[in-house]
Amino acid sequence: MLELLITYAPKFFDGALMTLKLTFISVSIAALLSLPLAILRRSKNSALQLPIRLFVSFFRGTPLLAQLFLVYYGSGQFRLELTDLGLWWFFRDPLYCALFTFTLNSTAYQIEILRGALQAVSSGEIEAAVAIGMTRRLIYQKIILPHAYRIAFPALGNEVILMLKGGAIASVITLMDLMGRTRQAFSQTFDISVYFWAALFYLLITSAFVVAWRLLERRLTRHIDYHGVNNLPSTSSATMTGLNNAS
Amino acid sequence: MNKHISALALSLLLSVIPFSGVNAAEKTIRIGTEGAYPPFNFFNADGKLAGFDVELAQALCDKMQTKCTFVAQDWDGIIPALLAGKYDVIVASMFITEKRKLKVDFSDPYQKSAMTFVIGKDSTLTDFSPEGMDGKIIGAQGSTTQGDFLNALYPNSDIRLYPTQDAVNLDLISGRIDAQVGDMIPMLDWTKKSTDGNCCTLAGEPITDPKYVGDGVGMALRQEDDELRLKLNEALAAVIADGTYKKINDKFFSVNILTLQ
Amino acid sequence: MQWYEYLSYGSTGWGDELLSGLVITLSLAAVTLPLGLALGLAVAAASVSSSKAARWGALGFTTVIRGLPELLSLFLIYHGVGMLINNTLKWLNPEADFFELSPFVAGVIALGLVFAGYAAEVLRGAWQALDRGQSEAGLSIGMSKLQVFFHIERPQILRLALPGLGNLWINLIKDTALVSVIALSDLMRMANIAVGSTKKPFLFFLTVCLMYWVICIGCEFCIAKMERRANRGIRTL
Amino acid sequence: MPADSIALQVTDLHKSYAGIEVLKGVSLNANQHDVISIIGASGSGKSTLLRCLNLLEVPDSGHIQIQGETLNLYAPHGATPSHKSQRKIESIRSRLGMVFQQFNLWSHMTVLENVMLGPCSVLKRNRDEVAVYAKSLLERVGMLDKCHSYPDNLSGGQKQRVAIARALCMNPQVLLFDEPTSALDPELVNEVLQVIRELADEGRTMILVTHEMRFAREVSSQVLFLHQGEIVEQGPPQQLFNDPQSKHLQRFLASVNL
């Protein structure tokens, strides 16, 4: 069993790097996109609101696997049109296709998280800011956004982990991430322990991330009284709940 | 009364579920195939398995006068599932290679094996040596001999491994990959016979190195199933001798795939 | 062929195959739900029990389940459990026939475990959010702990957990698509087969996306209705 | 005193939390028709005493006797009662009605369902009969018109009146009130006190923890003053309020500004 690990460790390592690359690039781009969209989503103008709602609903209501197939193989059907538009170089590459799909998916989830967080900022705090004559922009900058991100922080951490795990399907479009390397190793050895090693790798990555995220959270929210919350034995796992789907 | 019935039902259930078909004489042979590898094995629009492998296997079963059922299984898991007992024999145009022989036994070959490069018709590629393919994108189905061949000999090419042959074909059509390596016969069939394969053509010399293509194509069985293997070999010889093989062959191919002549 | 002919019902179109895949997808989800829920409840009970071993066990289970990609869990179960059962059977009875862990059963087990891992957290959260005073009021009139659980805690846990469980149900439906990778002829796999045969990936993948979407929207609608029902009399702002 | 007129007898109750003794051997007797008020500063152990009477907190040691049923507690700290005594505890609880400061109405049930659940599930009484009785009780506390409402749509005073009806529906031998008006807005206090006063006039046996000194003085037959887990003084209200003996009680009465 250990022999197997030594033989395949370099490949596993490559795969893990690919997994991390896929996750963090798509989650980061999605983080940039989701904020303006979340603010627009709260607008009362339905012409602005409706397309965002449809976008969010579609990407949250369909399997990531189906989305990936649609983008990758679906775009292949429109090679000529995409070449004319000068976009084929982008869709030709499986890595770009995966990043594109994962980014859209993560954007949809992050919009929902931020929308909830923006809603949770108490109107009293906003009124207080209005009362001292702050501009709308300033209120967003100084009051609403810092507060909203603090509220959204744990859910955003969950989203990163969901993406990390969801990204395991990238091997169906030839990307050799950790899961892809694992399946390859299994097809060469038929040895079930390959999957156990992969499980260990994934657990290491996710646990390391959970710990890092919680440390970051504690730094960012030093001023908030966490008495009795941080000491619960279960919060480390609670950070990973899949509840970021909650709308 | 009720007690008796439930006891009876229970014993019936027990006898059926875990030890089904213990009686060797009436045993149904379960045949595993991929179902994504036309024209050898594929699903038709009725959702039924069809193709050369399937018809040949059926002919063998008729010859042996046993009942057969077909099970579709992804290529990746096709040997593990055989070993786990999901079916008794793989008839899925599998090359007889040394590596596979470590895990399974093979019947006598029922096709000759060779691999080939396939490129788009508008492609300018002519040199298919590792140097000539330097920096090019080559696709193949994962967990196959083609994949092993590419990984071993084409370290400077971008090798992409797909879950199914269909997916490789799709990406060759769309031009995502510069070339693919596939089994000779299905590639021949695909480029010559199907409308979507019209895009592409075979290229370069056939790859026949036994190190990669092995000793032909065989049916794979669990190593302890010698009895079934011998019966299959007998039946195979018989269907070749009585012309059944040729009939099925001609239904699907223009060449004789047993000899590749 | 026009696009609607590809989707038609019959021997030339793929509509009937897609529908049969949809039936598999939905029955997989429907069979998984009660099993996952029961297991999740057991794990949640363990995580709030007074036994330290049970609490750590529950924590370990939820951590592992939620730290692994669903696809990996699926492979582990499909290949691992199949092998385990067969080795055990062989060991018990060398004459035993092979036991086949069907993709459906493997899917139910794997998705059930995943569902349970998340559901346990949702249920534990709901249990902890219960107003203790209400249980005390039950105890104070002499109800047994079991009666308190059944009449007072259970309905309130369900109400508090319903939104979370609703999300998990929708995730479950989406996760069934992963089972296509282990050769179960579900909706996703039927689409793949159709694409292989017709070379129309955009049409078929878009169709299955829309099918999943409609199902999920339908489920969301039903869940919202159930929530309204469960929240009768609860004032929400 | 004839034994059969004793409704509830508690002897030498001890209770500690984390090594701190909150009740240091409290005894009390409630005769039929008694209304006993327990007064004292916050932290004196009043609420703990009441919760121990109903065994929501299990006392460390002591005896609780309620018409025919006796519970002797010698349990070491933190020990959970055995199954046998658990049944006894449930039986004792069902004879003691409890009204909480925070009402603790079951939010997923209607008012009527709240009142009916105990008799139906614990006493296994006939649903139809219980419904009739529950409605008569709701009428008495002036809540019949709200019997199909959910608790969240009621005011605090209304909730507390329902909670009282809920306790009454079990036909308890003794009613326990744990600061029943402390969580209420001032203008709602009287509607609840009025109900309790009527119950006292009816001759119900009641034990009441309260901050409403004037009320305690009016309705009580006996008042206990609890200080740091001990009963420092007890007697008829006139005696305690007009002529406090101990320094603690004098100081306490001065601070509550009667």
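For reference, chains read A, B, C and D in written order, and residue numbers begin at 1 within each chain.
Please note the rule applied: a contact is a pair of C-beta atoms (placed from the backbone, for glycine too) under 8 Å apart; a residue touches a chain by one contact, two chains touch by 3 or more.
None of the values given here were measured: they were computed from a predicted structure.
Going by the touch criterion at the top, tell me which pair is linked by more C-beta contacts: C-D or A-C.
The comparison resolves to A-C.
Tell me which chain's centre, taken as the mean of its C-alpha atoms, is farthest from chain C.
D
Between chain C and chain D, what's the gap in Å when you average each chain's C-alpha atoms?
47
Just give me the whole-number Å value for how far the CA centre of chain A lies from that of chain C.
Comparing mean C-alpha positions, chain C is 21 Å from chain A.
Please work out the Cα centroid separation of chain A and chain D, and write it as a whole number of Å.
54
Could you please state the distance in Å, as a whole number, between where the Cα atoms of chain B are centred and where those of chain C are centred?
About 34 Å, centre to centre.
Show the residues in chain A shared as contacts by 2 or more other chains, in ascending order.
Residues 73, 75-77, 172, 183, 186 of chain A touch two or more partner chains.
Two or more other chains in contact with one residue: find those residues in chain C.
79, 83, 181, 192, 195, 199, 201
List, in ascending order, every residue of chain B touching at least 2 other chains.
80, 163, 167, 170, 173 - these are the residues of chain B that touch more than one other chain.
Could you classify the connectivity of these chains, where an edge means two chains touch, as line, ring, star, complete or other?
Basically it's none of the tidy shapes, so other.
Which of the chains touch, listed as pairs?
Going through each pair of chains, those in contact are A-B, A-C, B-C, C-D.
Of all residues in chain C, which touch chain B in the complex?
11-14, 16-17, 20, 78-79, 82-83, 86, 89, 95-101, 181-183, 185, 190, 192-193, 195-197, 199, 201
In the complex, go through chain B and note every residue touching chain A.
Result: residues 76, 79-80, 83, 99, 103, 139, 142-143, 160-163, 167, 170-171, 173-176 of chain B touch chain A.
Going by the contact rule set out above, which residues of chain A touch chain B in the complex?
Those in contact with chain B are residues 73, 75-77, 79, 92, 94, 171-172, 174, 176, 183-184, 186-188, 190.
Residues of chain C touching chain A in their complex?
Touch residues, chain C against chain A: 47, 55, 59, 62-64, 66-72, 75-76, 79-80, 83, 118, 121-122, 124-125, 163-164, 167-168, 170-171, 174-178, 180-181, 188, 191-192, 195, 199-202, 205-206, 208-209, 212-213, 216-217, 220.
Would you tell me which residues of chain A are touching chain C in their complex?
57-58, 60-67, 69-70, 73-78, 161, 164-169, 172, 179, 182-183, 186, 192, 195-196, 198-199, 202-203, 206-207, 233-234, 236-238, 240-243, 245-246
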